[in-house]
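Quick heads-up: structures coming right below.
Both of the next two complexes hold chain A, though its partner changes from chain B to chain C.
== the complex of A and B ==
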């Protein structure tokens, strides 16, 4: 499936060709007494998401080497999960990615449901997709604003947050929380949505596209400086991206059309009509073009979901005490940052023997060492924006 | 009454005229930077669909006062290994040149502290000292981020001096004088006489170079808060930081005033019958405010460039453009 869409872009710069030629050449280096300057970027640096530390070796402003140091958040999510009962783990998954918490809940529930014989009511499946796509909007729209913030423009982020706040108020109406949700449960969702809310959401997303286009896309994408700062920055080949294990918009930005929603269908996605967006350029600008188009796809999906929403129960019967059979379960969802996958191993008791999260933030961060060397120091910001990481994810 | 007039006459003579003028201008510079901070925050608020400061005083008008009190009472910290003399002298080295140049700017007819015949040269010479302050701050802080900021700042300021000075030459050629009073007088009679139209490319160059000289967005690389976290001013706090900020805001006001003086007719009214006599400083203030507003408009709308792109723009676009337009101006003066 990947094979036919994987293609090598000709003339993409190689790693060795991009690092500083001055420092690499011993003659020049010795003659002028050049040496690299070591600089720590983070963990307190304002543009380093969460607690990321980059150890940089600089030649002037050119980055020769970049070593990301992670682990300052120190969460032990997977270990904690081994000591809790299955339903108690669901709210913990929100903490992995606070911009797309319900996606993580969904991934974990899919993995546990893989172990169980439980029938999920159709309305619950539709509600899961509804909140997932709203989550994608609430993550993709601010990420465009965050990129501009990191490039030095403050205003777009406030326009983006206006939309995110509105979407969060829908989450608040649905599940009572604005950030740490605990809405999706093993076997369905917690409760039905309040009356009239679906119509309200429909009306909102109906106007969102035009507003997003006018307030953010035109302000950002048409901007000369934005183009010059993102075009050709963070270039990678489809091969490189697949090798590193990149997923999500950065991968689709290189032309590889991999999307779990289509390629490993789950929930009611096969019944919905949407496109997997790809872009061939393979740079920061491409990944953001993908994100922007995905916003419109999500709007399309939400409208379909609300139109097709069946009536009925929202939570299947999982019994009073959850004890899956021995074996292992696997669930994967397409979160805004890429593929989030969960592997649960059960020993037949009421808490899992082992839980492993495959978090897109962590996998995509592996790009940094490969892509940053050879770029200027200010290029680190758009590259970080391309990955759009969340620290809870890489320090799981 | 007669004694009062006599006293005023004495005050209007050198050196008293100069001393009082200098005092007034210094106050104007510091006061304007306080007001500009307020204006900046308000403009940002309106651009971002929020209120901005609105708690201290009526409509937040006392906010600058509150800011000053806060900054005065904050502790001045310095890195342990900093070169203290250089570290502390840097803010002064940044503020002083900006303040001094205000001396030669004509606010209204006859209202100029020092009407010297080389005012434009004076402006060019004194403002270039600002780069020294940036280097001092960055080097004195002994921090890699500061050093990067200072080197970026110096490279940028020195590079953009070239198109800035070249863009002044067109005005100098048309006026035939280096005195700013002569420049403003030559633009009298209506807005069609302003140098804005015949020197449009020079005006654009001067404006862009002015943005770069004052380190405003999109040329705020020396500060670059998302990359080098504040650059040359990263280690400053309290009043030393406030002085650097004051220098930046005063610099912005100065560049706007110079733009007004050189290309927008200074204190000259747009149409002759709107002449307010000695009160023509109102025209000067309006025009300067409009230019300052455009500076702020740009700041809250667009992101910043990268160092190599900044250099490209300065050396490969603006400098050739000014040289071409100098030749065009000279040719036009020969023909007409």
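== the complex of A and C ==
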């Protein structure tokens, strides 16, 4: 099986310059007469962020070739969407990248609203931004914990999950669900937030920054083991990162300040004041520095949103039957992992003719194939942590 | 930082992209709408048009490739971003039921996986792709392409050759 797959792979180019002579000729033998060794990692692996199989070719402990095999969680979401009506697809998008459900719903709704003449009430726009930024917090904070768990430290994940649980209970108060929300609807949001909750969230995020700094950042970032495992690992130049198509924190960690919230503005982000964080190092540590600083930016955005929150309705009138005009609708949002884009093709009927999701986990995963060759086997885990992929995202 | 991202007024930049495509490829149907440029090209020109976009116009990011099964032909949309507010949508369509089109992996290396996904789901063969394998479906014993309109969702599929 592995031999066949290797044959298929022959002649494939790599972008990375960090390859040994083994890469050019896999049959080369070392001074002990040993060939390169094939090894399977996953699909059931405790640190694999879901179901992912990596076919690795090892030269001693150096990875010569890394070939990700996807599809273990494939549900063909795009085919299911062709057989559902437009509003029925919104809850399905929660199942894509399940650590960024609100962003997926938002991206899909933007794509359908692109085809409709519906006016979205201002309060709904602010609520969308509020839940999106809470979602970003609930994804960025645990990602630091996950990385440390994979590097062998158990404590940070507990602090990270304490915050995530609290944010999820706010989601439960807002829409009744902790993970599969179905909150953002075509034309607005499902319902207004309960009375007094906005003040409670404001108070919570007000203290979150100091807690996050004390419990997680100071515990993790100065740690010698953390530094030696992440610094200089998974190095990319900005050119390489853009060539591979990486978006999100790994791209911003190389110094390219691309953020859909600022560069392709949607919702009420142009009215809010926030910075796009970049870092110049381009390694795993840099992408985590970006994530940590983005937590503070999200807190800043949530505070502004609650202060500026207008009164009024939360759901625009889309009519009883949703039939967008013929054509193409596009939506693009910044998910915690990068650029999430949706392309909806409508033929004027009740259900879309075609839905295409561009998931950041899928596009960023190409980084494994290009960057890992030349690294040691244990470096795979920090590099996976840099992408922070979600199984539901890359497998659709 | 060595990487140069475009600057200046968005509207002017989009007009620059459109006239760039017109000068080199004579695309009369192109238009700008909002923050995007839309051009429609012949399938044979796709690689040269995207080379123009990458090399001459400096549009660096390929966001995604969408394939649509139009029952008899296939529509392809390549969405390119200049990472600073501008979008270029390049469209083409391939006639026939056995679609073949030039790969753009030499121009945009990120197209590697997007083209593999399109091949997996629609059977679109990308000429010159270095590594055209399935991404999500089984590598062998499965000859179907699930996003084709002729693929009925309630039909039981067989894995030929597999016991």
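Throughout what follows, the second predicted complex is superposed on the first by the 368 of 396 C-alpha atoms of A that agree within 3 Å, B and C clash if a C-alpha of one lies under 4 Å from a C-alpha of the other, contacts with A are read in each partner's own complex, and residues count from 1 in each chain.
The definition used in the following text is that a residue touches a chain if its C-beta (ideal position, glycine included) is under 8 Å from a C-beta of that chain, and two chains touch if they have at least 3 such contacts.
All figures in this text were calculated on a predicted structure; none of them were measured in a lab.
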| item | value |
| --- | --- |
| First (chain B), second (chain C), both or neither touched by A:271 | neither |
| Touching partner for A:192 - first (chain B), second (chain C), both, neither | neither |
| Between chain B and chain C, more extensive residue contact with chain A | C |
| First, second, both or neither for A:343, with chain B first and chain C second | second |
| Touched partner set for A:226, first chain B, second chain C, both or neither | first |
| Contacts of A:46 with chain B and chain C, given as first, second, both or neither | first |
| In the complex, chain A residues that touch chain B | 37-39, 45-47, 61, 148-155, 158-159, 162, 219, 223, 225-226, 228-229, 376-381 |
| Of chain B, residues touching chain A in the complex | 44, 47-50, 144-145, 148, 152, 217-218, 220-221, 224-229, 300-309 |
| Residues of chain A touching chain C in the complex | 5, 8-9, 11-13, 15, 70-71, 74, 76, 78-79, 83, 237-239, 242-245, 247, 255-256, 258, 263-264, 280, 328, 330, 332, 339, 341, 343, 345, 353-354, 356, 358, 362-363, 365-366, 395-396 |
| Residue numbers on chain C that touch chain A, as the complex places them | 1-3, 5, 35, 60-64, 66, 68-69, 77, 79, 81, 83-85, 87, 108-110, 112-114, 117, 121, 130-131, 133-139, 146-147, 151, 153 |
